[in-house]
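Dropping the structure in here first, questions after.
Order of writing sets the chain letters: A, B and C. Residues in each chain are counted from 1.
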Amino acid sequence: MTNKIFMLGTFIGVPLSVIGTLMHWPTMVLFTIYCLSIIALASYMGRATESLAIVAGPRIGGLLNATFGNAVELIISIFSLKAGLVGVVLASLTGSVLGNLLLVAGLSFFIGGLKFKRQKFNVHDARHNSGLLMFAIIVAFVIPEVFSMEMNEPKTLTLSIGISIILIALYLAALFFKLVTHRGVYQSAESEAAAAAGHHEQPEWGKWKAIIILLIATLAVAYISENLVHTFHYVAESFGWTELFIGVIIVAIVGNAAEHASAVLMAVKNKMDIAVEIAVGSTLQIAMFVAPVLVLFSLMFETKMPLVFTLPELIAMVSSVLLMVIISNDGESNWFEGLTLVAAYFIMGIGFFLL
Amino acid sequence: MTNKIFMLGTFIGVPLSVIGTLMHWPTMVLFTIYCLSIIALASYMGRATESLAIVAGPRIGGLLNATFGNAVELIISIFSLKAGLVGVVLASLTGSVLGNLLLVAGLSFFIGGLKFKRQKFNVHDARHNSGLLMFAIIVAFVIPEVFSMEMNEPKTLTLSIGISIILIALYLAALFFKLVTHRGVYQSAESEAAAAAGHHEQPEWGKWKAIIILLIATLAVAYISENLVHTFHYVAESFGWTELFIGVIIVAIVGNAAEHASAVLMAVKNKMDIAVEIAVGSTLQIAMFVAPVLVLFSLMFETKMPLVFTLPELIAMVSSVLLMVIISNDGESNWFEGLTLVAAYFIMGIGFFLL
Amino acid sequence: MTNKIFMLGTFIGVPLSVIGTLMHWPTMVLFTIYCLSIIALASYMGRATESLAIVAGPRIGGLLNATFGNAVELIISIFSLKAGLVGVVLASLTGSVLGNLLLVAGLSFFIGGLKFKRQKFNVHDARHNSGLLMFAIIVAFVIPEVFSMEMNEPKTLTLSIGISIILIALYLAALFFKLVTHRGVYQSAESEAAAAAGHHEQPEWGKWKAIIILLIATLAVAYISENLVHTFHYVAESFGWTELFIGVIIVAIVGNAAEHASAVLMAVKNKMDIAVEIAVGSTLQIAMFVAPVLVLFSLMFETKMPLVFTLPELIAMVSSVLLMVIISNDGESNWFEGLTLVAAYFIMGIGFFLL
């Protein structure tokens, strides 16, 4: 039923996006078409990922998901950097962190929790992720902020480059840890049973069909997203929003639509391991991979991007991480914990709206 | 024995308070009478609450307790707001948070721990409370502080109103979660056994007698507290204290005497679930209910109150929450953990005294 | 094999240090000799401590270790204070906290984790230590920083003295808790088994031989360290380093060589209880004993030392504590957690280098 609506959305939305862009339809109309198309495409990405997840196991499935969600953001950000919009890139990185950590995880916990009283996820993974969140946000993002207050610009950039290289190296080490040296070491009896049960589940699509759908949908999302970005300035003016608000809130919601769709889908099916992996894994990919890669990329362009956020952006990320760490550290969720995360997102949304 | 002393304190102190107030006795004398009367009355409130707790179960008992403790503070604060004393109200909110989190919990852990080597409380409740403390203090209090630095006053007030509504909504949702959808879900076998054992315990007073004593004592405490507040300015001058110190330290100690008395009472009886519920529950009620209600109330008065604390107040609350979260998160306490909390309170007390 | 190298290092390095100092050899040569001698001596301290640890049990062994490591720093700092170098003392305190918490613990976790997939340590001790880290750094160090912004100098010093006395009192209370009232209370079955197994292990040296070696090595380290400090100014100039970098990074690495050596040694033998006790216990001794003792000592000298770090120093310590608390709180470690801590140390190292 819902699948049919999304199919219609895709097969009407994508062609309309292409035609509308070429024919320069009114910006407000394009904005609406773009958003709906991306949400429709996201459902395909979610279903394709789920099929792959059944085939490949929960961990690789979650990683794939986070990767495809953030490829879009990486492409958009590189184009923005090329145009010198450093502030917008930092704002949308902040927005992705807040969006994944508070909104994606929050909605998953909330909607999943309406159906199940207590939902469990691998407590070892949760703690592993907590350590990385602390490292990425509270060490690697906070230090350049504070130290840059007493540094000149070239030194701040040097510090940013050093931290970026360390972030990427540790991100790769984390993958090596998860996939090679400690693969399955922290698997609980429960999640093993779930994994075993998962084998009996039939994937909607075969491996290759799923991969092809995932690739095509990703390309389509990327194409539409890029056009979407160019409508933001006009939309902001029409609604009286600041560009910071667009970057932090709108880019994050639309850019993470794929994660939203598939994380909530997994939560409703009580596959919390995957839902959390999508939300937190995506946050970590943004903070430990996309952000430092963008810092290094910016060296090729005229305007360099130091790893220095504005104070409101930084504090919003730090308090989100502390909240998420405390809420997720027991390896359990319920509707109220989800609501708490969503409420924190709303508080920050109001803040960035008024800023 | 002690009960007789408190009975004397009440039946001598309360009439003396009324007569002394009407006859304008010297302020220093009144101050002493007021304080002793409140402490005596608090013992009645503690015993009445305990009787009710035995009848109604530990959770409702704890909630009742926190409610009656903070009703007093809400009334005092509304009168202060009417008089335009926004700074004093924010200081006394800070003081209540610090007092409940560090002094009430600290003394409970310490004195309880002198009698019992290890005291346990429900770890699920502790984690639930940790999430809420993080949300209330580190998200909802920190965000307006940081964002207001780059905002004008009307926007700061709008942000404060938005956050206040979200805080109250989440507080009500938390009650709904605890009392309706997840009532007893996280009850451990131990606490069920304790609850079962509790049924055999005889309450000191019957349900209605306890309620009537609780109501009358609350009214008396409210009446005396209000008069007590008017002596603060004089007392501050006599002792060379600042009004900030009065707000943060003195109001908190006297205003939370009821919580102190009953939390320590519970700790000595090894009913740590109730002791923690009183200390942390009371903190949460202050932060998520009393503070936002006061922000909304202030809109009716000439001087509006934004949810923006001074930096020392905010940092004191943030570090208290982080300390409490780490100390309580294992669901166990001992005398040393109590001493650590009390030591933190002393550090902040010295700080506010010198400020 | 390695023992022979260290023996050579000691019996050649120490005499050379004495002769070189007396004969005023070139500073760069002395610097190298001093560093190598200390590292060689540290191995003796490590082996002596290990022998004592086997005799005295893991806890006392860990305490002894931390004590001997920090005696050196206390002596150096007192001489620095006498010379009025308050900034260098605060920097080297920061460096010791960062070095022990991130580098010593990080290398122990990393190198131990290369050999063992999962290493466990007493989770109760880890949580006890987490509470103390929070108290010492996030309460006792943060409060004077923030409050001093709105205070004059004499008040800041009064606050520092008050906090110092509370820190020392709580440190002594913590020892009383660990060694008297709660000795063995939190011992897990595993660590008891390990302790029992430990009794079968043969110490390298007898009790008195170990104590004598420990004492002589400590004296030699102290003598060489003091001379080493006087080479720092020259070395800094030669390499273009700031004195802050010397204080935070170089002093910490060389000054904590003993802890490094013995903690890693213990980790490789899978005695994580001792390794963690060395790293975190040493941090706590610096923060709760060495730092406040130095504040009180400075009252005798012309230049008083308030407990007020620079903002970069404070933020570096706070984020290190938060990272360590999250990583150690589950009572387990692996190579990746070690690498995360070391990566955080590098980020801070780059920061202080550029500052």
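Throughout what follows, a residue touches a chain if its C-beta (ideal position, glycine included) is under 8 Å from a C-beta of that chain, and two chains touch if they have at least 3 such contacts.
These numbers were taken from a predicted model, which means no experiment stands behind them.
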Copies chain B and chain C touch via same or different residues, half shared test: different
Magnitude of the superposing rotation for chain A and chain C (Cα, nearest 5°): 120
Centroid distance [mean C-alpha coordinates] between chain C and chain B, Å: 40
Residues of chain C whose C-beta touches two or more other chains: none
Residues of chain C that touch chain A when the two form their complex: 117-118, 311-312, 315-316, 319-320, 322-323, 326-327, 329-330, 334-337, 339-340, 343-344, 346-348, 350-351, 354-355
Complex contact set, residues of chain C against chain B: 124, 127-128, 130-132, 134-135, 138-140, 142-144, 146-147, 149-151, 155, 158-159, 162-163, 166, 169-170, 173-174, 177, 181-182, 185, 325
